[in-house]
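Structure first, then comments.
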Amino acid sequence: MNKVKIGIIGAGRIGKIHAEHLLAMTQAEVTAISDLFADDHLRQWAAGRGIGTVLSDADALFQNPDIDAVLICSSTDSHIDFIERAAKAGKHIFCEKPVSMDVFQTQKALDVVNSAGVQLQIGFNRRFDHNFKRVREVVQGGGIGQPHMIKITSRDPNPPHADYIKVSGGIFQDMMIHDFDMARYVAGSDIEEVYAHGGVLIDPVFAEHGDLDTAIATLRFENGAIGVIDCSRQAVYGYDQRVEVFGSKGSVAVTNDYPNTAEISTAEGIFRDKPLHFFLERYDGAYIDELKQFIDCVQHGKPVPVSGYDGFQAELTALACKYSVKLGKPVKLKEVQTWPNL
Amino acid sequence: MNKVKIGIIGAGRIGKIHAEHLLAMTQAEVTAISDLFADDHLRQWAAGRGIGTVLSDADALFQNPDIDAVLICSSTDSHIDFIERAAKAGKHIFCEKPVSMDVFQTQKALDVVNSAGVQLQIGFNRRFDHNFKRVREVVQGGGIGQPHMIKITSRDPNPPHADYIKVSGGIFQDMMIHDFDMARYVAGSDIEEVYAHGGVLIDPVFAEHGDLDTAIATLRFENGAIGVIDCSRQAVYGYDQRVEVFGSKGSVAVTNDYPNTAEISTAEGIFRDKPLHFFLERYDGAYIDELKQFIDCVQHGKPVPVSGYDGFQAELTALACKYSVKLGKPVKLKEVQTWPNL
Amino acid sequence: MNKVKIGIIGAGRIGKIHAEHLLAMTQAEVTAISDLFADDHLRQWAAGRGIGTVLSDADALFQNPDIDAVLICSSTDSHIDFIERAAKAGKHIFCEKPVSMDVFQTQKALDVVNSAGVQLQIGFNRRFDHNFKRVREVVQGGGIGQPHMIKITSRDPNPPHADYIKVSGGIFQDMMIHDFDMARYVAGSDIEEVYAHGGVLIDPVFAEHGDLDTAIATLRFENGAIGVIDCSRQAVYGYDQRVEVFGSKGSVAVTNDYPNTAEISTAEGIFRDKPLHFFLERYDGAYIDELKQFIDCVQHGKPVPVSGYDGFQAELTALACKYSVKLGKPVKLKEVQTWPNL
Amino acid sequence: MNKVKIGIIGAGRIGKIHAEHLLAMTQAEVTAISDLFADDHLRQWAAGRGIGTVLSDADALFQNPDIDAVLICSSTDSHIDFIERAAKAGKHIFCEKPVSMDVFQTQKALDVVNSAGVQLQIGFNRRFDHNFKRVREVVQGGGIGQPHMIKITSRDPNPPHADYIKVSGGIFQDMMIHDFDMARYVAGSDIEEVYAHGGVLIDPVFAEHGDLDTAIATLRFENGAIGVIDCSRQAVYGYDQRVEVFGSKGSVAVTNDYPNTAEISTAEGIFRDKPLHFFLERYDGAYIDELKQFIDCVQHGKPVPVSGYDGFQAELTALACKYSVKLGKPVKLKEVQTWPNL
């Protein structure tokens, strides 16, 4: 295949960021962009970047035989429909996480994708972060022996707006879902059982929507390792994303990235700047690399690095956590597969 | 009161360490030491340090009107008896942790102590560590606002001998008991509920004795905070003792102490030495400070910094964790108070 | 002014890197590129990036009225000629460091630039590094009070090829020249006097060309501060570029950037990866930012952030260091201005 | 030899600290202490520590056949006299640095010591610091290959009182003398040549006494390495004592010790506490270890770890630095040996 021709569905913040990154890649071409609210503003933005086609309906993307692959960057509730239509049209798919709010719907969409024989990559960008990649590499290389414990800290600098909280799906599905995938990625194993609990310690608005703003999930992996994820909607000192894997021959731990290495010493103490503010700063390189690999896999028919199965497992873990909080006890992923969506 | 006159019960490793530390304190005097196996070796050791009296029976200590306080450093199963006898003899008591293997026996001993009106300090030495004291200070000073999460890592460099594992009481009662006390210390709150799980990942000998070698306990505190303790019997890189408290206005975290600050850079990478090897190295200063404060409290009638209640709470938390593992679900400390010892 | 139209002179490594960076900037346009050895390879490279004009003679650049500014990325011995021709043609100039091997020739070229009234920015890219910018910012903001000492470490991972050593101008003019500029930048003051010494400790080839491979220069600044730069052609652990400014109210220090934050703990010790390998990795962002600011200054008629005077001062300091080594004593910059080039 | 019996000359701060340390050592005994101003206060202090003899004249110490060794902790101007008298009396000697203010007087005293065949250890306590010992160990073990550069930072938290400045001997002889010894210790080589310069940037009182408060000395070692020491009388953030050795196969660097490892993260940034305040805190363990080794060497007839030659070399380097500042040029240690004292 020559350059991979891409259609982008959804021209919100993340859709535009992906577009900019694709424009700088020699092996990709942004053929078209579609958005329900395609307006002059978007048309102007696209024109300035040499993106010829702007659509308000994704259908033309699917029917365009020149387009090899689509990026689904629209709202979560539209993912399933777009995935199924794209798969049926024979387009390879990159879809933002989560695939859907209902893991059983996700499963059905994955079946469609499998039948169609197209590729589907899920946007778990953190797997491409320089720090977490190094953790995975050390663990896979046997550097710490057999993994015994996985510890993940995941804290946002600010809670989302109240409007978003209402529709987010809750802390497990919206926020910790990244960490569930990270846990599987660094442990090299699926999750077997979870126990989750938490509280509303930051803002009562979370309680109003039946959500938590602070949570801890403990994990049991199929390979015998155990783990824990702690999550907060508000770390006033900034985005806090750390991972540690402890094993029979040692441990590997990564901490945050910082805007600089300056250490300022005064009569009051020693000071350095807060970590990079939020995900756009912290995962800038990871966003580029996930797309580069997607393009490469589509172009050369290689399996994508983050599969639909990975997306499904993360969603299933989130559901198990929701059940765990509801029931006040540990929940196995196997059993939750037979329970209704929450 | 002039110098505090001390009788030490139990001349094992920790008894001797305490003796050496007391000998260097101007406000204390080691009047006598007793040990079931008092022999010439011990007599020689004592003589070399100016400790005049060596006994094979603690009774004479209790009957000696010159002795103000006793240090109970004998095996755990003898603690209760010695505490009760010391209390009835009107001696102030410093007792190594845990008070006993049966939290209800501990409660009874505390009642005797209270009736006798003597002081009882429990040997939770880590409260006196320069790092953890700083954490407590920052939290108490409001430096991180309202505490939301307490995270403790507690890993030993090597597992104990198989002989010890048999009688240790298990990972929660023997090892994590320090961390339960630390959690209460830095959170400034009692623990309400625990959920614990773990595995035997290091050595099958633990399974033979119904014990775990790797465990995670999640905590819910009475003040609304949540927490997690991870524990391993073997960290090949050395003693790993870290604490982090995260709150509404920030976080405070302490890591390990190191034998030096050297950073060695070569073509292979950047290297530094492992942390201080084990508790004797890491908590050297803490052992001294806990005794200094005990002496000071006895001398001036001030309340001791680690009370019998603190010992009781830690033991109760350990029991709740044992039940949690047994039942596979979270357990409240209130309910476990009505259950039999495990 | 609309987009700034740029002609690039010299299509070596740095010329091409600048070109790539400019291509991604919305306010710049690469109109043409010239190189003495313009061949099909270069033409193809240019075509792939939409650069229409490839020349083997820079003259056409100067005569093209559409071109607003030139980037001089050719070999050092051609800088003076190109600067003077560009200035006379009314083009703004970005020139790689050093302007020339003869500070008096540099002075003459600056005079031509001044008469022509065009802008001239020198390629001291390190001023745009996130770490060093933070140092400058803290010092300028009064965060450390009055500067007393400036300390710079500057070590390359590998020595250059023998061919290059012959024509490099020596360690002061080729390598430490960046540090002389950095010293002035963070001190906020010109240099008054230097004392330099060093040795050939890495490879005798340096001695064959009358050069040093290891050197220390101490500085006296006009504002009373003192400073020291240490420089090595070979740090086997990688590119080592650190700055510290110490003052009446504290200090600010920056260390290297790393490919990740991973800390690997094993029975052997604690490891992390070496710093970013060399200048292309370390100063990637700085190369982009220096051009962005140049474009911005040209477009809006603002003074450039690194002037010809800055280039001249760095070269003069290098000459003073060469004299200092030759004479074995400290040398004032004022006196060296009256001495012949070395 | 049984326990080493010690007489202490000079009961000022350092004399008392040494006494306390000796009292805790099983192999040493403090037989007597002498001080020009022996008063009731000192007698009481000594009685409380079981030191039987308090003298106002050191003569009785020298004549006491029971005393094996003396610690000279009196004012610098009395060192020479005491050393010579002690040597002639056949006592081993531990003497605080510097031996004297006149390196030639020092040389003469060393000759007396050598003729008498007694041991003389100089109080360069920093050699016994855990950090610097690790640097030396790495360098000696070949861990960084051939040393190329030695860098030492030495900054006090506060300047001394004006009274002391007058008689201190100046920044090189009083303060940097420790660093000259450290440089030789970690480089494993004598110093050949120095160039020093500095300024009065902290307090004009230094200028009034012909002294500097801020200085940089660059060094050339006999083994070809070069080095630099930077020194300040006032670092507002605390005692700053760092060493780095850079060589053909890497580098080893040590930084300061801290009262704890706490990192406090808030909306303002990340903070930690200042380094240990001053030499008594930082070098506490080193003071103990230097005495332990002295006792061990006296007891077993082993050569002391810091010889009179080491003291002489440090003093000679200080003199060379003073000449370098005076003459404004580099000075060889060999030539300064033929020049008068400054």
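Structural remarks
First chain written, first letter: the chains are A, B, C and D, and each begins at residue 1.
Rule of thumb we're sticking to: a residue touches a chain if its C-beta (ideal position, glycine included) is under 8 Å from a C-beta of that chain, and two chains touch if they have at least 3 such contacts.
The UniProt protein names, listed by chain, are A, B, C, D = Inositol 2-dehydrogenase.
Quantities reported herein were computed from a predicted structural model and do not represent experimental measurements.
Counting C-beta pairs in contact, the pair that comes out ahead of the other among A-B and B-C is A-B.
Repeating the A-C interface, with the same residue numbers in over half of the contact pairs, is the pair B-D out of A-D, B-D or C-D.
Centre to centre, using the average C-alpha position, subunit B (Inositol 2-dehydrogenase) and subunit D (Inositol 2-dehydrogenase) are separated by 40 Å.
Spacing of subunit A (Inositol 2-dehydrogenase) relative to subunit B (Inositol 2-dehydrogenase), judged by their CA centroids, is 43 angstrom. Spacing of subunit B (Inositol 2-dehydrogenase) relative to subunit C (Inositol 2-dehydrogenase), judged by their CA centroids, is 59 angstrom. Looking at subunit D (Inositol 2-dehydrogenase), one finds that residues 235-237, 249-251, 265-267, 273 touch two or more other chains. Contacts from subunit D (Inositol 2-dehydrogenase) toward subunit A (Inositol 2-dehydrogenase) in the complex involve residues 235-238, 265-267, 269-274.
On the side of subunit A (Inositol 2-dehydrogenase), the complex with subunit C (Inositol 2-dehydrogenase) involves touching residues 24, 26, 48, 130-131, 133-135, 138, 143-144, 249-257, 259-267, 273.
By the touch rule above, subunit B (Inositol 2-dehydrogenase) contacts subunit A (Inositol 2-dehydrogenase) in their complex via residues 146, 148-149, 151, 153, 155, 195, 197-199, 201-202, 214-216, 218, 220, 224-228, 230, 232, 234-237, 240, 246, 248-251, 328-330.
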